[in-house]
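Each in structure tokens, the structures are laid out below.
Shared between the two complexes below is chain A, which has chain B as its partner in the first and chain C in the second.
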Partner chain A sequence: MDAHVAQLQMQYRNYILSLYQQGFLDDQFTELKSLQDDGSPDFVAEVLSLFFDDCVKLVGNMARALDQTGTVDFCQVGANVHQLKGSSSSVGAKRVKGLCINFKELCEAKNYEGCVRCLQQVDIEYKTLKAKLQDMFNLEKQIVQAGGIVPQVDIN
Partner chain B sequence: MMEVCNCIEPQWPADELLMKYQYISDFFIAVAYFSIPLELIYFVKKSAVFPYRWVLVQFGAFIVLCGATHLINLWTFTTHSRTVALVMTTAKVLTAVVSCATALMLVHIIPDLLSVKTRELFLKNKAAELDREMGLIRTQEETGRHVRMLTHEIRSTLDRHTILKTTLVELGRTLALEECALWMPTRTGLELQLSYTLRQQHPVEYTVPIQLPVINQVFGTSRAVKISPNSPVARLRPVSGKYLLGEVVAVRVPLLHLSNFQINDWPELSTKRYALMVLMLPSDSARQWHVHELELVEVVADQVAVALSHAAILEESMRARDLLMEQNVALDIARREAETAIRARNDFLAVMNHEMRTPMHAIIALSSLLQETELTPEQRLMVETVLKSSSLLATLMNDVLDLSRLEDGSLQLELGTFNLHTLFREVLNLIKPIAVIKKLPITLNLAPDLPEFVVGDEKRLMQIILNIVGNAVKFSKQGSISVTALVTKSDNRAPPDFFVVPTGSHFYLRVKVKDLGAGINPQDIPKLFTKFAQTQSLATRSSGGSGLGLAISKRFVNLMEGNIWIESEGVGKGCTAIFDVKLGISNESKQSGIPKVPANPQHVNFAGLKVLVMDENGVSRMVTKGLLVHLGCEVTTVSSNEECLRVVSHEHRVVFMDVCTPGAENYQIALRIHEKFTKRHQMTLLAALTGNTDKPTKEKCMSFGLDGVLLKPVSLDNMRNVLSDLLEHRVLYEAM
Partner chain C sequence: MPLDGGVSCLRRSEMIGIGIGELESPPLDSDQVHVLAVDDSLVDRIVIERLLRITSCKVTAVDSGWRALEFLGLDDDKSSVEFDRLKVDLIITDYCMPGMTGYELLKKIKESTSFREVPVVIMSSENVLTRIDRCLEEGAEDFLLKPVKLADVKRLRTYLTRDVKVSDRNKPKVPEDLSRFSSLAMVTPPPPPPPSITSVKSSSLEEIVSSSPPPSESSISPVDSPIRRMEMRSPGLD
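On to the complex of A and B.
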């Protein structure tokens, strides 16, 4: 049992490290995790689910705004991008935030093709992140079920 | 009875002819006498001015009466009556009276008339004189005009050749000269060389020794001097016999050095250089040099001198400017090269820093690990050597890197509070093993007034002390080593501009390390602190070290606003290393490790602190709330400006507002909140959460009355610090 837990923990640790190394997450995510304590045990999960809901909503808005035949309201798109950027930086979604920065520039340049492409990338990216974090949560659950405690991963 | 007549009876009838002539003459006389006044009157009336009217009348009367007399005489030739005689007598009497009166009058008048004549003569003379003077003035004015024109021409250019050429041309024109030449002194100053002439296009290279009497004569005075046309300076052309050479005048032209250019005062120095200007009148013209022409020449010569000086000054300044530009370019290139070199070195160091340290650490770590395992003695020895060598190498790398950073000035001291007494003891513990092996007793003396807890760079201070004490141990073969630490109040050993004054929160620590070892030649002392320099003896060479230690220590000491020096009485007499550094006195009796701030803010208890968070972004809102809840605050969240205004109350001590959504609306909220609470003493603190903290954003926040700016995303520690600072100091503008 201990070996299994240890192995799971090792797996978890490596997974988390890989997420950081691949640039999916940054220090803000660490901060977020540090806020989770006995007072709010599901803090991270709540924040993340809120974030992904936000993503869905904002991406939908942007898709609709860009789908408009006739003149595209780049200001509206820009506002949505701004929101998404804020959200992603708050949770530490590094790649999404990076894409948002590019997206914002494209909006200001009123580059329609670029915006459409960027939106697609954002879509892919947040979904990927969602999947990865889901895996992470699953691992956590497994560890807890196996009787172990979720290890604190030190990035440095 | 016959009347007695008094008239004379004619004596003889033969005199009838005579009578007849008398008669006729009398008649004509009368006529003339009558006509003269008429003529007079006529002409006087014609002329405008005749001052003596009265005289005229008198004279007229006189003449008329004379005429009348002679007329009446006509009647007396024949027998005439008494009335005629009476009339005759009356006329004669009257005539007599008038004539006498006239005669008397004339005595007065004739001198007057004569004097009028003299006055007239006098005035004529005067007029002639004035005419002459007018002529003179006109000539002078002409001359002046010529001079002005010449000067203008000469001074209109700053080119030396043009100046001289123009001078000659203009002079030639103004004075109608045949030839005009300029002789300049050669470089040696012994000869005059014909430099410019008016008529001849290419003057022959013609020189004349400068010591000729005629030249000396001309140079001796500032006036234009007439010289003989046969003198060497004037003989410019081959002379054909039939010419009668025109008069020649020569004048000196001072060549001024730049330094003695004084406007009104030409100092008469014998070392002055002069040029000679020779002017020749046309031959066969019998023209003479007039005074005003000579004056003109003198004035022109002076002007030329001035113009030449100006030209020289200009040349000089142009040359200087060109030189400066060249130097500038060279300096620029040198600077750029230096910058490139520095950049190259920094790049190299950056690479070295990372790339080389990593394998280094690997080697050291693994060697240490290897030491822990089972090894044969030979293997152990080998591993120890590897370890020692790699430690040395690591130290060397660190030293070199430190030194470069120190020299760049990019090294900053890491200040912290630490225990000074403990530091010394640690250093000694580190050195003791080596000292014991070398049988060198070390003693430590800490002054009783040495503060225990101080503020400074602990690591680097240790490095300095370690280096100095290490050197003492290294270079001593016998004797003892003493380390003394004290607080220094005044210093009579350091350079005079280094005043050591213990201020309230700082003091100067002095450390003296005395050894009785090899000692140092006083001549070598200055070299000690230079990089990579070592003293020669083999013994020292074998103990290793790169020679960087003292140089680095000196840099650190200087960074700590201190001074370091070594005293030694000579080889074999030991030496003392002394250094002073500035340290801060800490108020803490425990190590708190908070840098720089003397009054450490305690962790403010945030429990129950009411905070309002306004953020349109749900995720950010949740994260910020989570942060604050973690710190123990009671958090209310709102998602719009209006809601914020509605909900905010005086119970909320701090309001965090997200201001990074585009639009200035957010800042207006700050104003409205301020308006709401102006009457309260306990003002709500407002802080902005924003995506960028550049200067315009900060200034905007300040202008809207916000107490602080925070960069999103906020970390827990930052939030904690911000809150405590806000509550303590009421204002925070953090550069994050």
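On to the complex of A and C.
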């Protein structure tokens, strides 16, 4: 086997494992990967792209809701958090989902400073995940371009 | 999240392939199971569609209870209007949706003459026993905890055959025990500790507000090259 391909594949495997070990991804991501096949080779990329669109939109909504001078509509913030929690759960974005769980409680408690801090964390977190996954997709492309196939990574 | 047209945004070829824009698509194969999926989240709609298509179902996905009723022809009071019965073998709906909840949609379906026999499955991210009971008592066939997995959808197929549909469905839907919903008893894991990532710049609230699109701007456009779209947006890591 081509040494370059083997090296890329190992790099890819280690990278994926690290994403799980560091808590970026959970088994729902594994589930999504298992739904991808030769007939739908871009399925995971497509779903994640929509998820990150969601993040931009919902974070924007929450920021605007929290930016109000005067009364903040915590129900509105909470509704957006609920949506983000749902979609992060559906794609296996474990850390984003975890932050949303905290965030929901802060909304219910109408904790303004807590909500603002949490929103900033959510913003950092989804952008970090996006960069990590971009690196993952780039590695996949490199493997394919080098003539190899993207390995299935066994998480367990 | 309402979208223009109210149906999932997919590539045109995919849309026709799964029966959206049903006036243009070929008539449904009578042997193929047709599922109506209802969820206000686009991400969840795409995922449930994929899960259903993998299990060889034809899927129509809509983003609200109202659109579901519209699709079924139940949205007006002209209930006496006869038309060729739309073939829907299963309705799967999210519980928490703005406007009309999945529970309310379930009730309307069970009140209709045309579709009360169609099994309705509720999906929810929240494991609330009273909610589950309510839905089952109202006639829901099953209750799936999100995130939905392929194994859940495969299980649904066990009651999608014609044989099951003609079986005695007048029995009350109160389950004898909830053991088959054992997956629902899982405790939500505690949230992870905050990450110590320093490579992404921390944004102030003002920066987040100014960098995000205003609500009126459509954030969904037909997906052409998802990887390329991601590359265009993300600064990547240093």
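Note that in this section the second predicted complex is superposed on the first by the 155 of 156 C-alpha atoms of A that agree within 3 Å, B and C clash if a C-alpha of one lies under 4 Å from a C-alpha of the other, contacts with A are read in each partner's own complex, and residues count from 1 in each chain.
In the analysis below, a contact is a pair of C-beta atoms (placed from the backbone, for glycine too) under 8 Å apart; a residue touches a chain by one contact, two chains touch by 3 or more.
Computed from a predicted structure; not experimentally measured.
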Combined model on chain A: chain C and chain B, fit or clash: clash
Contacts of A:Asn111 with chain B and chain C, given as first, second, both or neither: neither
Touched partner set for A:Val47, first chain B, second chain C, both or neither: both
Chain A residues touched by each partner, larger count belonging to chain B or chain C: C
First (chain B), second (chain C), both or neither touched by A:Gln83: both
Touching partner for A:Gln142 - first (chain B), second (chain C), both, neither: neither
Which superposed partner A:Gln28 touches (first chain B, second chain C, both, neither): both
Contact residues of chain A, present in both the chain B and the chain C interface: 28, 31-32, 34-35, 40, 43, 46-47, 50-51, 54, 79, 82-83, 85-87, 89-92
Chain A partner contacts - residues on chain C that touch it in the complex: 1, 40-44, 46-47, 50-51, 54, 96, 98, 125, 146-150, 188, 191-192, 194-195, 197, 199-200, 202-206, 208-209, 212-215, 219-220, 223, 226-227, 229-231, 233-237
Chain A-touching residues of chain B, taken from the complex the two chains share: 616-620, 622-624, 626-627, 629-630, 658, 660-662, 691, 712-713, 715-716
Chain B contact footprint on chain A (complex, rising order): 27-28, 31-32, 34-35, 37, 39-40, 43, 46-47, 50-51, 54, 78-79, 82-83, 85-87, 89-92
Parts of chain A lying in touch with chain C, wherever the complex brings them together: 22-23, 28, 31-32, 34-35, 40, 42-43, 45-54, 56-57, 59-61, 63-64, 66-67, 79, 82-83, 85-87, 89-92, 94-95, 98-99, 101-102, 116, 119-121, 123-125, 127-128, 130-135, 137, 141
